[in-house]
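Chain nomenclature is as follows: A, B, C and D, assigned in order of appearance, with residue numbering initiated at 1 for each chain independently.
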Amino acid sequence: MAIDWLAIAPEVALTVTALLVLAADLALRGDAKQLVNPLAMIGTVVAIVFAVVLWAEAPRVAFEGQYVVDSFAVAFKLLFLGTLLAILAISARYFAEGRYFQGEYYFLLLTAFIGMLLMPSARDLLVLFIALETVSVPAFVMVGMRKRDLYSSEAALKFFLIGVLSAALMLFGMSMVYGFTGTTRLEGIAQALAGDAGSVPLLLGSVMLVIVGFGFKISAVPFHFWAPDTYAGSPLPVAAMLAVASKAAGFAGLLTIAFVAFEPVADVWAPVLGVLAILTMTLGNLVALQQRDLIRLLAYSSIAQAGYMLIPFGLARPGAEVVNQAAVRAVLFYLIAYAVMNVGAFAVAIGVNRRTGERSIRDYAGLGTRSPLLALAMTVFLLSLGGAPLTVGLWAKFAIIEAVAVEVTVFGLVMASFLVVNSVIAFFYYLRVIREIWFEPAAAEAPRLQPALSLSVVVVVLMVGTILLGVLPGLVADPTVVTTFATGG
Amino acid sequence: MGTVLEYAWLVPVLPLVSAALIAVFGKRLPWHGSEIGIAAVGLAMLLSIAIAWQTFVTSPVEPLELAYDWAPLGGGTVLELGMLVDGLTAMMFLLVTVVSLMVHIYSREYMHGEVRFTYFYAMLSFFTFSMLLLVIANNLVQAILGWELVGLSSYLLIGFYWEDKSNQDAGNKAFLTTKFGDVGLIVGAIVLAAGMLELGSTTPFNLLELNQAAADGQLGQGTIVLGILLIFLGCMSKSGQFPLHVWLPDAMAGPTPVSALIHAATMVTAGVFLLARLFPVLAQSQTAMAVVAIVGVITLFFGGLLALVQDDIKKVLAYSTVSQLGYMIAALGVGGYTASIFHLFTHGFFKALLFLGSGSLIHAVHSNNMSDMGGLRKAMPHTFWTFVIGSLALAGFPLTAGFFSKDEILIAGDIWAGAGFATGNLVYWVGLAAAFVTSFYMARAVFLIFFGETRSHHAPHESGRWMLAPLMVLAVLSIVSGYIFSPFWTAEQNFETWTATPIIDEEATFPFADHGAEAAGSAVQGEGVLAAAPTLAAEGGELTILHGAPTWHPDLLLIVLAVFGLAVVLAWRSYGHGLPERDPTLHMGGLSTALVNKYWLDDIGYRYIVVPVRDRWSAWATWTSNVLIDGAVGGVGRATKALAVATYDVDQRVIDGGVNGVAFSAAWWSERLRRLQSGDVQRYAGALVAGVVVLVLAVALAR
Amino acid sequence: MSPLGPLLLAALLFSIGVYGVIARRNAVLVLMSVELMLNAVNINLVAFQNLLFPAELAVSGQMFALFIIGVAAAEVGVGLAIVFNLFRNRATVNVDDVDLMRW
Amino acid sequence: MDPNTAGWALVVALFLPLVGGGALALMPAALDQQIRRAAVLITGVSFALVIAITATFDFGRSGELQFVTDVPWIAAIDARFFLAIDGISLPLFFLTYLLTLLCAIYSLKVLPPPGKPKAFLALMLMLQTGMAGTFVAFDLILFFIFWELVLVPMFFMIGIWGGPRRDYASVKFFLYTLFGSVFMLVAFLAIYFQSGAQTWSIPELSALAPFGSTTFQTWAFLGIFLGFAIKVPMWPFHTWLPDAHTEAPTVGSVLLAGVLLKMGTYGFIRIALPILPEGATRFAPIIGVLAVIGIIYGSLCCLAQTDIKRLIAFSSVGHMGFVMLGIAAMNATGIQAALFGNLAHGIITGMLFFLAGSLHERYHTRDIATIGGGMLKLLPRYGVLLTYVAVASLGLPGLAGFWGEFTAMWAAISPGVGLADSYQGLYLALVVVAALGTVLTAGYFLWLLQRVNLGDPPERWSSGHLDDVMTIEWVSWAPLLVLILALGVYPRLVFGVQDAAVTNLVGFLGG
């Protein structure tokens, strides 16, 4: 069996980089350890190059159809790798100054991203599971990275327990699905579900259990409880990773399993996910209103965003090609937009408060004078998260409403109206931060901020990206139009 | 080659230019701008005289209409800016420019030394422009434009002494009361124009078209009644008709020349003018005419009564103005088109004269009150005789201008009664009664002011030339202006032919009066006999004379003279020697045996007529005017205020509160939901598992 | 042989595990409960493979079980590390006491 | 410039302020005066360009789109970058540039605390592009972008440079208008999919109309209605307005009243009516009733105000009621009236806010009772200006305010598209009540003048020296003062320009 190396080239590149990082960390001493960061970046860039090459080469099928590199997968891979690059950049000074275990951190980070790269290509329950765990396990450790910090260890514990619980639930579901269909291949499952098996209650329940595992990753209600505590307790770059990359990976997996394997029973899970979407965005926004800690606010905001992204799932119908494709595209576009703006927001948070404990919104008072760049950037990111015009956030919401409008249903309209109302509610708390930044005077002792160069670069790039995509969403929207699932084999 | 009529547009434009020039350069000029005003209005007057002459000698003149498209209004309709020159326009031009010029000249002296002298002149000129714009308008919108500008200038001039609160209030009251009427005017104009639009007119506001369409019976009765009555509401407020006259006495807060120009001669006649302009429309509806007549009658009578109890000379004149305007309106209501505008014309001169005369008095004694005057005859001889002429004219003393015009109205009422309409009788008899009242209070005023001992705290002195000259000019006009419609003129050229237009003359004018017209010997319908004089002649035996020469009516002359005499004598009895309360014995001493009966009559008259009328009825009228109606206006004001406060409250609490309430309920939920995040990981896990169970069950049971 | 028996066993084990995760206060016991759940899955997979799809060449059920065993080991390793770290910081392995962050 | 080919001129004029604002942001904050002058320069150049556009505009074909730029923009959703200008857009477009220039000039001297001219002017320029773009965008998506773009700078203008309750006001403004516009966006999408034409182009959609069932038209119109009605603002969606106006800095209030509110009515006329004629017909009586309620209600509220800025703000509710009444008439005259009223209100109320702002500069209070009258003695020129503008605002014929109101009533008495048959009585009642509203309007303005202008000034102001109108104020106000008179005397300036375009538009209404 010949292995299609090109198909897995990005993963291989990252794996090699991870090993190199580990080795370098062992070899280097003291401040020299900081060199692992550029090393990781180089590896990432190499992986990106491979991914770009793959974009032209897609679709490719490897490992007898268990692993498919289609345009959908490549799009996600590029998204992950881009996010990785940004997170590496914002991590540099954070970890260098914090005296953390740099080598381990970068190794774990790269490993987690390997798992993510696997996710959208997986066409087998087993591969999906492996990918998911490869994302999760390093993340458990990274969250607890600040070993002496009570918050950090508590965050790790909560994350871990909820993580393994949902993994176990998902596995139980997978085992049942296997039992009913006799295969772990996604296409095979789809065929079985399209037949008689599609109406067995136990099987349908199992399908739901499988979906639950991803619900944890994307922090949908009621699997979201870990998110605020974990984000607040972990090192900020890790929180950014969890909020963006890990969540995107969850969506990648959920999209794959929902629209490839479980598509024939979409009429069953779609309403459930739609209801979850409504619950998730509403709860996320409402609770966010009460937050005084910026990171927790961002956490709840990201829960709400997950709710928006679940809406297209609620639209899915078995066999409705056009609707389902529009739904997938909407989610993908939203994720890209979400990555740009949310990484940006976390980056600014890193620039403003690097330490642990409560990171009050009050700390942002007078940011406009303390660091105009960060203040402006934060404003742009928050407005974008809210969906203001000339930012990519507007188009993200637009994409979702557009998906709803492809074939108007009552339920779709209900979800859309919740989206609309929630967008307005969300502005309440985004504007609160913006107000703090611009309208309030800085505390007397607050110094001017000197963000690290790499951080500034990331912030500027993301800010420009947010606005550029806000003006010309076609830059991303047009290519993603062609993203489709390729069938294995 | 056009006639002088084509330059009629210059008449309003000159004062406008003057107003602008005064405003810009006035302060730097030696006479502080007054010279510009006088020159411009003087020129306008000369032009008006030329126009008047032209229209008069060729009367009845075909209306000259020149218009250009001002703006498209959408839907193919066009708004015009234009001029309509006919006898009515020419007549109004003459009146307005003459009185305005007199006031301009007079104010040179009267307003001398005022801080805002220049501003005053600018405003005078601006007012003149506004009034002329209204007069020249060939369409309703332009008329409304002039109408409202007139209101604005009036507001600004009433509140000329704006340091005092009462003056500010007077200005506001005047503006708002008339603005209320304007609602009627505007909506009425719109209703009529909508009717025109339905007829396919592209210039729906055009006056001539409107009149023509109405006369041809093309407009629906509903449109006509609604439209004209709404417009009449505007006329009521502007022309001080009961009960909307309340602002007029208060408006005397303005400088006296202003009162002369605006609140006597011109602006208050705008309503009469507009209604006369729309007479062909009004004449289509019996209902509308009846309403107009009744309102006019009420006004002329009760307005007159009010004047009896005034001490302030300007208020006496103001109430008399109200009363006279009532005559004009009532005349329109009984088909007396010519009578109405004839009275408008003469009244303008003599009422301006009276006001300017009172200004001269006030200038001399520094008080408006007649109780502060007395015996001024000697100190101010010129003022005296001019004032007396004015008073005689107002009282309708034979052979003065007021005699001719007021009698026309009475005769018009008589004819209308002859045609079978009860309102005609009403106008005739109440008009006659009010003539008595008029004579009485004017006599009272004259006696109190010029006779008896002086009660002034200042040494009275005669006014200077600048003030006296206008008085004399107006005094002359107060006599001669009436002769334009007297038997000295021919059937072909007199006031009636001058102001008549083909639409009024030749078209069906009172379609509802078919049977009645026959009864009146076709005196009303279709024969163009709107003026009373020729009709009465017809009754006198010379049948069906159209546009007959005005003739003498000795019977009426006698009646009027009697009424006048009675009034003056009664007045003399009371006031001839100063304030009666102060010296009743002197009053008694003048009696002779031959006058006992008179004394007896006097006693009866005093007890049963004078006392009730002067002390009770008028007091009651004053009370209703001041307390009920004014109170209602004030009450409306207060109620509006209260409503405003309440509305604002509702706004802030309920509507805004609702908006905020949504936000608060979001916060409320937010607070509850936040508690779910207990911090205990096992509760999280429990919730997770519970959620999973629910979801799994939901899905499993879905099929 | 019917797969019902193993299935019931697995379900029972799994439920016990769920109960343990939710109810036990000791973090180590919670970890053990997780192991129970994963093993219930393994029983399922192996039983299905053998009883329902003996002919399947890929033996995917058993393969899956192997992977789960491996991953479970890794997870428990990480979990224990986290619990130890917690114990070092707070001198307790009581899950209830870990509620510094809430709301 | 050839109006058929010079689309670039419009694009440049539109984006020059935005680019200029960006450039301004890069200048060092220390160059205080230079920044202010640069802003004047930018707005001045843009205005010059707009004058050039106006001058070369083919008024003979004002019903057609000119200066067209129509290129693909977002292929994925068929959105196009479609800018153009016609007789309806031109006056509002012109007003936007004029007002912004005047605001820039005004800001040379006057800027509320905390100063920071750079940020303020950059925001203002950004706002300018947003506002102007709304009037020339002929693609629904592009329109929406410009529409929303306006929110952000205005939010900051109110929030940073505003009065004591600026926090509340700014957030309320933002969220309230945002709320409406998201529904509008949903309605736009519904229109897009319902038309099936794969286009967001307003002219194309208008030509396709009416499409969809009556139910669709009703719901879509409702969505659009919410968005526009909040912006207008129509009663009862007006409550954001007094707060925003009261707290906003002078320039913010001027632009808010002068241009922002116009976007709502413009939207009704440009989008809601021609694209959803059936929905509009069904809603017209409701709009009419709300409009008239707004007229009476706004005036009553004005009578209860003690704060001069708040009074002017509430007066906007009444005036925009007349504009909406014109729209409710659904005929050419009504739309003419609405557009004229729009423009006149922009000029007059903008000017009123300038005056109120300067009043605050002088007296340091906006409380009418504290000012206490006598301004004609204390600040005579200022008093005269206030009288002039107030009188214009109460709708005196011969000044700009009259035409919108009168024509709206005239239009409403014979409403179009068959409304006359079923609702004649209602519309007559509307006209009468609206006319009564003019009395109330006159009432509160006269009362305002009485309390501010007339009488003797109270003691407290006699000691300090108060400056009368400054040169910079004359410069920035003169154009508005002239326009108030010019539009009043020569309404053809606007009616004439719009006529053909309005006739075109009414063609889409059918009926």
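Assume a contact is a pair of C-beta atoms (placed from the backbone, for glycine too) under 8 Å apart; a residue touches a chain by one contact, two chains touch by 3 or more.
Fair warning: this is a prediction, and the values are worked out from it, not measured in the lab.
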Those chains which touch chain D and also touch chain C:
A, B
From the Cα centroids, identify the chain that ends up most central relative to all protein Cα atoms.
D
Counting C-beta pairs in contact, which comes out ahead: A-B or A-C?
A-C
Measure off the straight-line distance from the CA centroid of chain A to the CA centroid of chain C, and report it in whole Å.
26
Once you find the CA centre of chain A and the CA centre of chain B, what distance in Å lies between them?
80
Chain A and chain D, separation of their C-alpha mean positions in angstrom:
43
Rounded to a whole Å, what is the gap between the Cα centroids of chain B and chain D?
39
Among all residues of chain C, which ones touch two or more of the remaining chains?
18, 21, 95, 98-103
In chain D, the residues touching two or more other chains are none
Could you say which residues in chain A touch two or more other chains, in rising order?
157-158, 161, 165, 169, 228-229, 290, 428
Output every touching chain pair, sorted by label.
A-B, A-C, A-D, B-C, B-D
Touching residues (chain side chain D, partner chain B) in the complex:
172, 176, 236, 239-240, 297, 300-305, 331-337, 376, 391, 396-398, 402-403, 406-407, 409-411, 413-414, 416, 428, 431-432, 435-436, 438-440, 442-443, 446-447, 450, 453-456, 490-492, 495-496, 498-499, 502-503, 506
For chain B, which residues are in contact with chain A within the complex?
663, 666-667, 669-671, 673-674, 676-677, 679, 681-685, 687-692, 695-703
Using the touch definition up top, name the residues of chain D that touch chain A in the complex.
73-77, 144-149, 151-152, 155-156, 159-160, 166-167, 170-171, 174-175, 178-179, 182-183, 185-186, 189-190, 192-193
Which chain C residues qualify as touching chain B in the complex?
18, 21-23, 95-96, 98-103
Would you tell me which residues of chain B are touching chain C in their complex?
674-675, 677-682, 685-686, 689
